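Look at the two complexes coming up: chain A is in both, with chain B in one and chain C in the other.
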Partner chain A sequence: MEQQLDFLVDKVVAELQKKLSELGEKAPAQAVEQAVEKVVEASMQPGAQPSVEVNGAAAFQSDVSEEPERTAQIPNPQWKEGLDELLTSTPARIGVWRTGVRPLTKTMLQLRRDHAAAVDAVYGEVRQEVLDQFSLFTVETQYDNTENYLKRPDMGRILTDEGVRLLQERCQKKPQVQIVVSDGLSASAVDANLKDVLPSLLDSLKSYGLSCGTPFFVKGGRVASMDHIGEVLEPEVLVMLIGERPGLVTAHSMSAYMCYRPRKGMVESERTVISNIHRQGTSPVEAGAHIGTILSKMLEQKASGVKLVL
Partner chain B sequence: MDEQWIQSVGIDVGTSTTKMIVSRLRLGRMSSTFSLPRYQIVERQLLYASEVHSTPLIGFDEIDAEGIGAILQEEYRKAQISLSSIKSGAVIITGETASKKNAQHIVHLLAERSGDFVVATAGADLEGVLAGKGAGAEKRSQTIQGTIVNVDIGGGTANAAYFQRGRAIATVTFHVGGRLIRLDQQDMVTYVSPNIQAWLSAKGLRITVGQRISLAEISEVARQMACSMLDYLTGKERQISGLLVVGPQLRGDFPVEELTVSGGVGKLMEGAPVRSMADVSRYGDFGPLLGYVLQQEREKGTYAVNWLDPEQTVRATVIGAGMQSTEISGSTVHIKPELLPIKNIPILKLELTQEQLANPAQLHQEVAAIYQLGERLFDKTTGIPFALAISGIGYCSYALLQTISQELSDQYRHYFAESQTMVVICETDMAKALGQALALRCKGAPEIICIDQVRVEYGDYIDLGEPISGTIIPVVVKTLAFDEKA
Partner chain C sequence: MNTKTTVLGQTYQFRDLKEIFAKANEDKSGDQLAGIAASDSRERVAAKQVLADLTLADIRNNPMLPPEEDEVSRVIEEGINEKIYNEIKNWSVAELREYILSHNAGENDIKRISRGLSSEMIAATAKLMSNLDLITAAAKIRNVTHCNTAIGQPGVLAARVQPNHPSDNVQGIKAALYEGLSYGIGDAVIGINPVIDTADSVKDILTMTKEVMNKWEIPTQNCVLAHVTTQMRAIRQGAPADLIFQSLAGSEKGNNAFGIDVKLLDEADELMRKEGTSYGPNFWYFETGQGSELSSEAHFGIDQVTMESRCYGLARKYNPFIVNTVVGFIGPEYLYDSRQVIRAGLEDHYMGKLHGLPMGCDVCYTNHMKVDQNDMDNLGILLSAAGVNFVIGVAMADDVMLNYQSTSFHDIAAFREVLGLRPAPAFEKWLEKMGIMENGKLTARAGDPTIFM
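Coming up: the complex of A and B.
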């Protein structure tokens, strides 16, 4: 009873916030229009770069492409092999050299490129063909828009009424394993890794003989939207593959959050996570296979998070 | 499970001495709780070191298995450990002993009698590397820029291993050892190893059995032998000194910065000066003198290398065998616990290029070529013909994983239809995914064992131990090079 009440209060607050932001939207919208005009003006000038859209599209493509090889910028290092050893030991920006007291232009451009990729990852959208490949349908949370999503994590934890209706209509109830995919803070993480993690996970479930419900995609999701989904579908275990907060090392990192019998009022310590899933981090196919193992252990032990013995 | 100790034993049966140690290895989780589990051996402790026993022989060239068995039984009792508590370790038959008549038989016998997962091994390369690890040269190499070479000089052979930045980069073995020339109390030469005859005549040195020898004469032989070995190791001269080399010569120059000498002769370097024939022949051979002339070379500083004291001398090899031979596989693997442990599986290497990976037809051909090689090299068996070691994959997408596993499993079932278990070793962290993909295709015929993050070379053998806490597999990579000629 108390949980249901909490749930209602959250929903009402989220709804009110949405109304408020709609009222206040007029002013910022004008600012955006002005900014766009400036960009258009700039591109009209002779010698300027062609249209903004083309650049945007190119950047989007390169999201998933390979990182350029890292080399140190130090001219004539005293001990090159040692420097190479250090470079392979960390993704941090070391051995970048300097010009005067400042970084090289190359280093600055690299940093800004990586920062831009991180921003793109937050503001980007998961490509529809990636979702179609695995026949994932989309439900939304009450996040409304990306700005609001960033300011109001609580709204990303609750599905819209339409979303709940879709789940009830299209998903198998009380499945053994429920797989959920969400953009979270990095849409490009889903673009880059889903095609490797998800099929490997499905194979793993198959080899453990576990049955899987109807997977779907949550737009504007936060990790704890697992709880709401848990209330609606009542799976035995749930795994959410969600884009991580992008950093300057990679913008395409994905996490898998798993829990046993997700429900309203779960605490964070009841969730198990495998993070840092990307090309240069935890291998996506290996992660997929290992998630299956963790889920099967959760079912065996009827526990997750700190209570789960791995 | 965050940490666990396993007990490991090392047994070294050398030309002149036999020793044994007991150690324990601590396995610790190296990855955070948010990552895939990854365990490593984080600490190695020596618990017990036996005395140095003379190797019991029957006649001249046969090892007394019962004698060694008795020594070990006594040492196990003294060390107060039971066979069942030993989870890993190695028996190594070293030096000229490996070519003695019954070496192969003995080493397997000992492995069976010394604990569940104690492996049998022989071969000069591995011996040199283990001695270098035991002597601390590998550890030292991680702290310096240049190359360090450790040479372990025993009774019959000297095994040298070059280390750079924590990796063994080359090994070479010499016919240099304390027992190659033997003397009695009357200064009479009783034995000269036939292995050094070519070198002796090239150097114009004369020493024959039955000859009464003076201190000056035998000192000259010892000095020349020590210098030839040092010439070779430092690359100063390799024509004549190369005559002392056992097996393959070194390929390429390795500029050496630091040098350590371990083994029985390394220990004798610390001894008192050898001033009389009585000092020379106190063990019935010229070992003490060999140690003494090496010490003199060190003091004279003729060679442009920095001589360091090794961490271990006479026990370097046994400590290497007991404490450094065990590795841990990656912790996300595909195994069937009931099939483990498995021992003495030869390695077959599949080295893939990006081009082959991008082109299914080329990949198909490459896999076929390797399997055909495996068919020729190894006997047909219902067990495990070989372990396939795959390298060169780099980043593996799901699509690529499917292509690779399809090729590997289809062709394996074609070429090795009778084999009931397939063993695959990957270089990068992908064993669970690959093992799962193979198992889904093979459905138990054959069963799949797939591990990763173990570096193996063609010609190696591998032993896989029983899993500790479910998924941590102790692995020993070794050579089994018994000299068949002798």
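Coming up: the complex of A and C.
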């Protein structure tokens, strides 16, 4: 179900990108909202097919500075200019050439390097200084270890007793807005994006005159851990900033899951989500502002997910 | 029905068929997640021992998901040939396994017997087979199908070219398609997973692929893997679809989560007969994969191998052109590591083949599984040796839209070269005409996508 929601928003991004390329201009914020609404509505109809995660919308741009330049390796192409045209039309690894029936060494190593980054994101840990920067304390779910986290999504949805005690001790109860950060499937997503998302989110909340409880970090969290947190802290609305399943194009993509009055037994269609938050996708700063807007609408309409009109 | 056995001095009493079937499985994280897996190797072998002595009639007479409650069960039940079943109903699962593997049972004998078997009986044999058993048994069976062209013949390894693009950009799809064709990939199907599930978008992609096929006279078939209802809308609007696609689950409830039921599949089947653009007689493309029923809480306490086999029971009703188990896409909570993915790939291929289906496999993984490209090399070679009808070709194995890794154009060329396999005959002739292949080997021209510009 988490994947399903990710998919919805990623679909929005893809649709937007298509529209953008048709228009050849930047879409106004309104268009973003319309597209979100449209796709969420369409996909939440009964019988919508649970589908796959799509996360490549930003694939045209190189990920980080160490990304080698993308040049075709074909020694004597029939049409040299045509080859450049092909390469600019897709982020797919084409024009790579071969030795016999196997890829060239450089191409093979690039693939392995990108896979290593993705695996590191799953098995990595969020840097403590990133959490310290925003004075986030840490609570854990019952995930126990990464292997178990991957095998038992149910255990990542429940906080430890110690975690519950910490929340009761250190957090403001019944806040208007509760912010939660979690590593999820990509610790590096938090490392890469939190410093931009969080300040812009806090600014946005301020501008709407909304008050915010005590933010904290959940280690080994799944999206639905927001339900358990909701039971403990009883916020009006809750937003969870969580690392997405890493891809080869980027291993640092983050999602924001939002919910009105989270509690046990919530269904996925009651959550609103913005995904694909990373430098080449939905920019972290813009995402922070957009999350603020959505949260204020949730408070206004006392609803989230499919019932929320954006 | 005996449900009790003793292994290494310990006595095991199993509750019912569901428990025996689940605990007889090789280790899978999905069965653990469902809370139905064997607790240790000893219990696993005890369950296998009990299963081996059950008769086929025991399995049929104690339905795990009764036909009255589930339409997939009804389809499976109605598909059984009673004459053949009556000849073998007193066989034990062990006897059936040994029959399938014996030199006495030729391809046609196995195909005949399989018409008397339910999906659960086929799953039962898989649980008693080692990886090499699964390969040996599957290699005996060739299920040849025909859409515009035929695939599945002995000595043939076909491939789907999968030129997906993160925003469905038609030029971008074309670019990856040209690259694939230039490596001799695309004889099974030119198949695109769309990002945008609308009839217009599906129609655009089908039209473009058809134009490329017509321009270069490529003997293959096209397909856009949107939801079946979206494809149906596009086809009614005149989109040229050679194949129609749908993902299947092994229970009615699981299929409802996919937004389908048997009635809808029947409707789509009827539409393709009337408006499909291919020669036929096979025009369905199905995808499956262990674990999807558990993920939609539609498994009824039944293990993921058995549920997967039931998908094939449903698929067989529609005489598909290709069936693809997307084995490693679902994630580590169902198949944790390479050992489990490789096992599942071999199980699915064998079970599908025994159902008479044209089985392919998306040899693949996501980045949060304990799997890497080397494991895909292994499974790809194993399945090619087992006679898999087709595998999936993605540029350098990296799907930039679905965000997972599969097998590459290079990989498929290597499977063919190492094992002496060839593309589908009509496609190979075309590759020769294009100067891409000669005597089953890629030429110096292969690997240059600009030859199609």
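Convention: the second predicted complex is superposed on the first by the 212 of 310 C-alpha atoms of A that agree within 3 Å, B and C clash if a C-alpha of one lies under 4 Å from a C-alpha of the other, contacts with A are read in each partner's own complex, and residues count from 1 in each chain.
Operating definition for what follows: a contact is a pair of C-beta atoms (placed from the backbone, for glycine too) under 8 Å apart; a residue touches a chain by one contact, two chains touch by 3 or more.
This is a predicted model, so every value here is computed, not measured.
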item: Which of chain B and chain C A:Val164 touches, first, second, both or neither; value: neither
item: Which of chain B and chain C A:Gly82 touches, first, second, both or neither; value: both
item: Partner touching more residues of chain A, whether chain B or chain C; value: C
item: Touched partner set for A:Pro153, first chain B, second chain C, both or neither; value: second
item: Touched partner set for A:Ile274, first chain B, second chain C, both or neither; value: first
item: Chain B versus chain C as contact partner of A:Val232, first or second or both or neither; value: neither
item: Touched partner set for A:Asp196, first chain B, second chain C, both or neither; value: first
item: Chain B/chain C common contact set on chain A; value: 79, 82, 85
item: Partner chain C, residues of chain A touching it in the complex; value: 3, 10-11, 14-15, 17-18, 21, 42, 46-59, 74, 76-80, 82-83, 85-87, 89-98, 100-103, 107, 111-112, 114-115, 118-119, 121-122, 150-154, 185, 245-249, 251
item: Contact set on chain C toward chain A in their complex; value: 29, 32-33, 163-169, 171-176, 178-179, 183, 193, 195-197, 227, 247, 256-260, 295-296, 329, 331-333, 336, 366-369, 372-373, 394-398, 400-405, 408, 410, 413-414, 417, 442, 446-451, 453
item: Contacting residues of chain A [partner chain B, same complex]; value: 79, 81-82, 85, 195-196, 199-200, 203-204, 206-207, 273-276, 279, 282-290, 292-293, 310
item: Contacting residues of chain B [partner chain A, same complex]; value: 34-37, 145, 165, 332, 395-399, 401, 428-433, 436-437, 439-440
